[in-house]
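Take a look at the structure below.
Naming follows writing order (A, B, C and D), and every chain is counted from residue 1.
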Amino acid sequence: MQGFRRDLAAVAGFLVFVGAVPRLLTNDYYINALTLSWIHAIIAVGLNLLMGYAGQISLGHAAFYGLAAYTSAIITTTLSLPILVGMSAGIALVGIVAYLIGIPTLKLKGHYLAMATLGFGIIIYIVINETIGLTGGPSGFTGIPRLTLFGYKFESDLSYYYLVAIILACVILVSLNLIHSRVGRALRAIHTSEVASLVIGIDIAKYKIFVFVLSALFAAIAGVLYAHLITFVAPSSFGFNFSVELVTMVVLGGMASIWGAVTGALFLTVLPEFLRTFENIEILLYGAILIVCMVFLPGGIAGGCAKLLKLVRGGKGENVGL
Amino acid sequence: MGISSYLQFLVSGLTVGSTYGLTALGFTIIFNTTGIINFAQGEFVMLGGMLSVFFLKWLHLGLPLSVLFSLLVTTLVGAAIEQFTIKPVKDSSVINLIIVTIGVSIFTRGLAMLIWGKDTFALPQFSGSAPLTFGGVAVTTQSIWILAITLSLLFLLRAFFTKTIYGKGMLACSYDRKASYLVGIGVQKMVLLSFMISALVGAVGGAILAPVTMTSYDVGILLGLKGFAACIIGGLGNPFGAAAGGLLLGVLESFGAGVISSAYKDAFAFLVLLILLFVKPSGLFGQTRVERV
Amino acid sequence: MKKVSLCIAALSLVALSLSAAFAEDALKIGAIFSVTGPASFLGEPEKNTALMLQDQINAKGGVSGKKIELIVYDDESDVNKAVLAADKLLKKDKVMAVIGPTTSGNTFAIEDKFEKANIPLISCAAAEKIVKPVKKWVFKTPQSDRLAVMKIYDTLVAKKTKKIALITVSDGFGQSGREVLKELAPRMGLEIVADEVYGPKDTDMTAQLTKIRGSGAGAIVCWGTNPGPAVIAKNRVQLGMDIPLYMSHGVASKKFIELAGSAAEGIMLPAGKLIVADQIPGIDPQKAILLKYIKDYESRYKAPVSSFGAYAGDALTLVTKAVETGKSSNPADIRNSVEKTKGFVGITGVFNFSPEDHNGLDENSFEMVVIERGDWKIIKK
Amino acid sequence: MSGSEGEILKCEKVAVRFGGVQALNGVNFSVRRGSITAIIGPNGAGKTTLLNVISGLVNADDGMIEFDGSHITRMPPHERGRAGLVRTFQNLEIFTNMSVLENVMTGCHRLVNYSILDSLGRTPKYWKGERACREHAERELGFVGLTDAGDMMAHELPFGSQRLLELARAISSEPRLLLLDEPAAGLNMRETRNLGAIIKRIGEERGITIVLVEHDMDLVMRISDRITVLNFGEVIAEGAPLEIQKNPDVIAAYLGVEEEG
């Protein structure tokens, strides 16, 4: 109960902070950068459930993100159906695809799993790129309507920002709930020892597929939010590079830490905006920061913060769920 | 389509495939001693090609000398990467180390872009550009160079791993690092060595490929990706598997483009690889490790 | 722990807002180019040209007595970065007009913002869809693919070719070329007997060419940008194919000839006049401008010019000219003046804008050229 | 529900091959309900393989396994776990990324019956299940004497306590049959004695049938009711501890391998 109160307080605190940010700053040109960060955070939180908790890597999550974005785009634009239909269809399709892919794929382990998810991501990318009649091909898909829900059009960037922040808060809360349950324990158990999990009666295949589908669904939610925010999608946003960036967000933020995933997503999405002033050497700095972070923060940003807190308080380390 | 077309697909596929195979070989060497998938492997290939171009076009050293220097420099870069980025975090988890190599790859690519710009460069073919034709099937002399060098590298590496004390030490590390340390193998030295050899193999690939595929600061991305796929499909850790995986991927792409659809050739190749993985979950030539509980 | 995360987040935001530039009383023009990433071979010369022009204009005392300040952002060939850059230019830098982005996709991603903000956008991307249908605030300087395709097809028809094979790159450039090629072929009485695609980073296209060899095509049309077409040129020679090879204006740079080497001989393509500036007759209104641009660019950057840089150069000149003729730096006045621009002699061609045509170029902006002895040669009509 | 009255586990003619090696060769093995049965034998005799076959981690190439009256020969391992057939491991397999208490709570997995949706929304059912699970786990920690270690991370425990933790985790799932794979390996004498006492209490107080593979003959002789001896994948003797000690085949098999027994 105490743990739950702390989670609730943390999420509430997060919402207050996120809500206050636009008021603290005078110019809102960065609002979309933050909205994008939160969208990425939604995927990173899901991917962390899969990677950080259940210990299963995926190098194909950009594909789920893209698949949902394109599905909603096509349904709302080409077929002119309501946005809610498009979004639901996008999320549902990803759920089904993830389930079907998950069955054979999650039997693989370690690098072989990485390779299989990567291959799947590439196949989806190529299909999006080549079914030009449907997706608009490499030049992208234009004219997607801006999000309207229950008669309210999220026209301003600020309203969209709040919407995404609230959805992210829900995703965080749901994920925290999951971790602190028998399901969460089962996932962490699978991570450390598959045989030990099996013999105490945990159906590891079922849980692996469950968490894979769940993380794909989070990516899909992010995908449809993205499509109706930018109102344009192009295949290049959903390629292998983005999948790797997502994994980087999770590891840099801190494996097995929900708040770490959020921080990692924020950090890696906003970092290039900072580095812009350095122009040419931006990419060098980006690479160097990545290396330095991993060298000095082996537990990611979350791990580093936990260590810091431990030093400050001189007390016991924080619990894993954080 | 005649038989000569199919033969042509095969030859093209083998040529492209050996480029993947060479990259895959580099992955395998580092993986075997450290357990890391080195995402910067593609950058070694890039450096091999770009440095050759650099020595040839800017410093006018002549082709053989340029290639030699590029191999040397890339090997040193490999050593530097190990010393400055891998060694300080050697006790980190494997996934952290992999992220470090991603950082290294971004950094190296960025540096190459700043130094040599964003253009593509070509290296002259080693022995003239006139292709040889066998019954309607064209084979460039460079393809023969590539195949020959790939094969000799494979055998050299095999000899190295089975005959020399260093090679055996590296193999031992791959089986059990702690045990190797206990029997007095300098694990740290072996890791350094594996990065150097891997860089060298990558650079050889980059230099011999540049005449055919051309080179630019960003060729490493795609080659890294395909090389990774090849070394997994061959069975991670097995150098011959890596080479075979590369050739298979190349041939699949070539036949995919020629017979099925050029738009979906990569999708076709990866689909076949996925099915292969589902049937053989530890790659074509990977040993299934018996889990002891 | 969460508090620390929040602190980090807050710090990032503060730092973000601190990077604000210092404003001064100058004509602020924004620019978004793909200086890095896959499209950087386009974006870099664009940025270089725009910066060079800025200096030249300011050295001459600016526009209507005011200096211009060009604010360039790199979108890294990435859609999201282009969107963020556009936000920054519109909301923070409050520019009066924007040139770029480099690629069609990135233009699509941000054009609505400009319609809403009522700020003119002069795109440097090729796709016809950018200006068709016409959007009030959006213009573009590169020739549409349609003009290039027509040049090639006219040549093919003149040579009585009936069957053609296409090989196009699977990116935005190749896709829009392929669409126009397929749309116009039947109208010109051409039959497409092979329609092949290759990936932007592919290094061997013999499989596709082998297929084309067996298709009975009388000509190959390849649509792509370096290095793919150079690989195709080489592969074609390796396979001993003698089917004539046509390329797009995407390879109209010396780099292509360097990469393809002897395999480039005999290849024909439509190209802006820039690469044959010394060959066009002296009465051509563009000649002087082209020669000056080549001289300035090559002496400043020690690198060969490319027609891509010209797109940005023309876009910037267009904006500054509009400020001069409209005697106003108000975005709406700039837009109106750009739309009324007639007979503007740019590097890419002679522009005649109108409310119906926001590109303003015609077929005369291209010359059909052939590569002979490692150099371009205009094909006489 | 139960088949033959006295037997909870019955293996008939179980055979396992690894490549060319015959790890188990027609093993007949049965366990009486409520007993503590030890499997002993020299290294490589197939003891762990037999446990693996029973717990389902290795599939039998031949033969039949019956647990509490039902055939489980082809049943996947997690279903055997759920059916109440649970085991521990020779190389500890504790969940190092969790606290000690969470380890044991994971052991209760099959007893907690709220659904995934309940956990996503933390419904009242979740709270009820979670509270019950925690209390249950705390009891089990108390049973093995680790009450105070609940909040520690599992990997911070000393080795001997990790063995106990694995035991607590196993019994927290309330198995009907518990397989212990060398539970005393790596323990000192005092720890072994403590472990022996706990194992005996598990049998007596909880009514759980126990099968253990063990090298420590002292422990085996002290706590087991029945002993089965394996050698080269075959059962060479079976009986009460005293009988086994005197069996000439067993002595022969152990000569030069173990100094005692």
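In this text, a contact is a pair of C-beta atoms (placed from the backbone, for glycine too) under 8 Å apart; a residue touches a chain by one contact, two chains touch by 3 or more.
Remember, it's a predicted structure, so these values are computed and weren't measured experimentally.
Colleague: Given the touch definition stated above, what is the smallest step count connecting subunit C to subunit D?
Modeller: Minimal hop count between subunit C and subunit D: 2.
Colleague: Hey, which chain is the most central one here, using CA centres?
Modeller: A
Colleague: In whole angstrom, what separates the CA-based centres of subunit A and subunit C?
Modeller: Between these chains, centre-to-centre, one finds 35 Å.
Colleague: Averaged over CA atoms, how far is the centre of subunit A from the centre of subunit B? Could you give it in whole Å?
Modeller: Their C-alpha centroids are separated by 31 Å.
Colleague: Just give me the whole-number Å value for how far the CA centre of subunit A lies from that of subunit D.
Modeller: 41
Colleague: Specify, in ascending order, the residues of subunit B that touch 2 or more different other chains.
Modeller: 113, 221, 263, 266, 293
Colleague: By residue number and range, which residues of subunit C touch two or more other chains?
Modeller: Residues 36, 38, 170, 197 of subunit C each touch two or more of the other chains.
Colleague: By residue number and range, which residues of subunit A touch two or more other chains?
Modeller: Answer for subunit A, listing residues that touch two or more other chains: 130, 195, 283.
Colleague: So in the complex, the part of subunit D that touches subunit A is made up of which residues?
Modeller: Touching subunit A: residues 55-57, 76-82, 86-87, 89, 93-99, 102, 105-110, 112, 114, 116, 118-122, 126-127, 129-130, 133, 151, 153, 169-170, 173 of subunit D.
Colleague: Using the touch definition up top, name the residues of subunit C that touch subunit B in the complex.
Modeller: Residues 36, 38, 40-41, 44, 170, 196-199, 201, 203-204, 206-208, 210-211, 213-214, 226-227, 230-231, 234, 237-240, 255, 258-259, 261-263 of subunit C touch subunit B in their complex.
Colleague: Where on subunit A is subunit D touching in the complex?
Modeller: 1, 4, 174, 177-178, 180-186, 188-189, 191-193, 195-204, 210, 256, 316-317, 319-320
Colleague: Considering the complex alone, what residue numbers of subunit B touch subunit C?
Modeller: Residue positions touching the partner: 1-2, 5, 8-9, 11-13, 15-16, 19, 113, 117-122, 129, 131, 133, 138, 140, 209, 212-214, 216, 218-219, 221-222, 253-255, 257-258, 261-263, 265-266.
Colleague: Residue numbers of subunit C touching subunit A in their complex, please.
Modeller: So the residues of subunit C touching subunit A come out as 1-2, 4-6, 8-10, 12-13, 15-17, 19-20, 35-36, 38, 73-74, 76-81, 83-84, 87-88, 90-92, 104-105, 108-109, 112, 127, 129, 170-172, 174-176, 179, 197.
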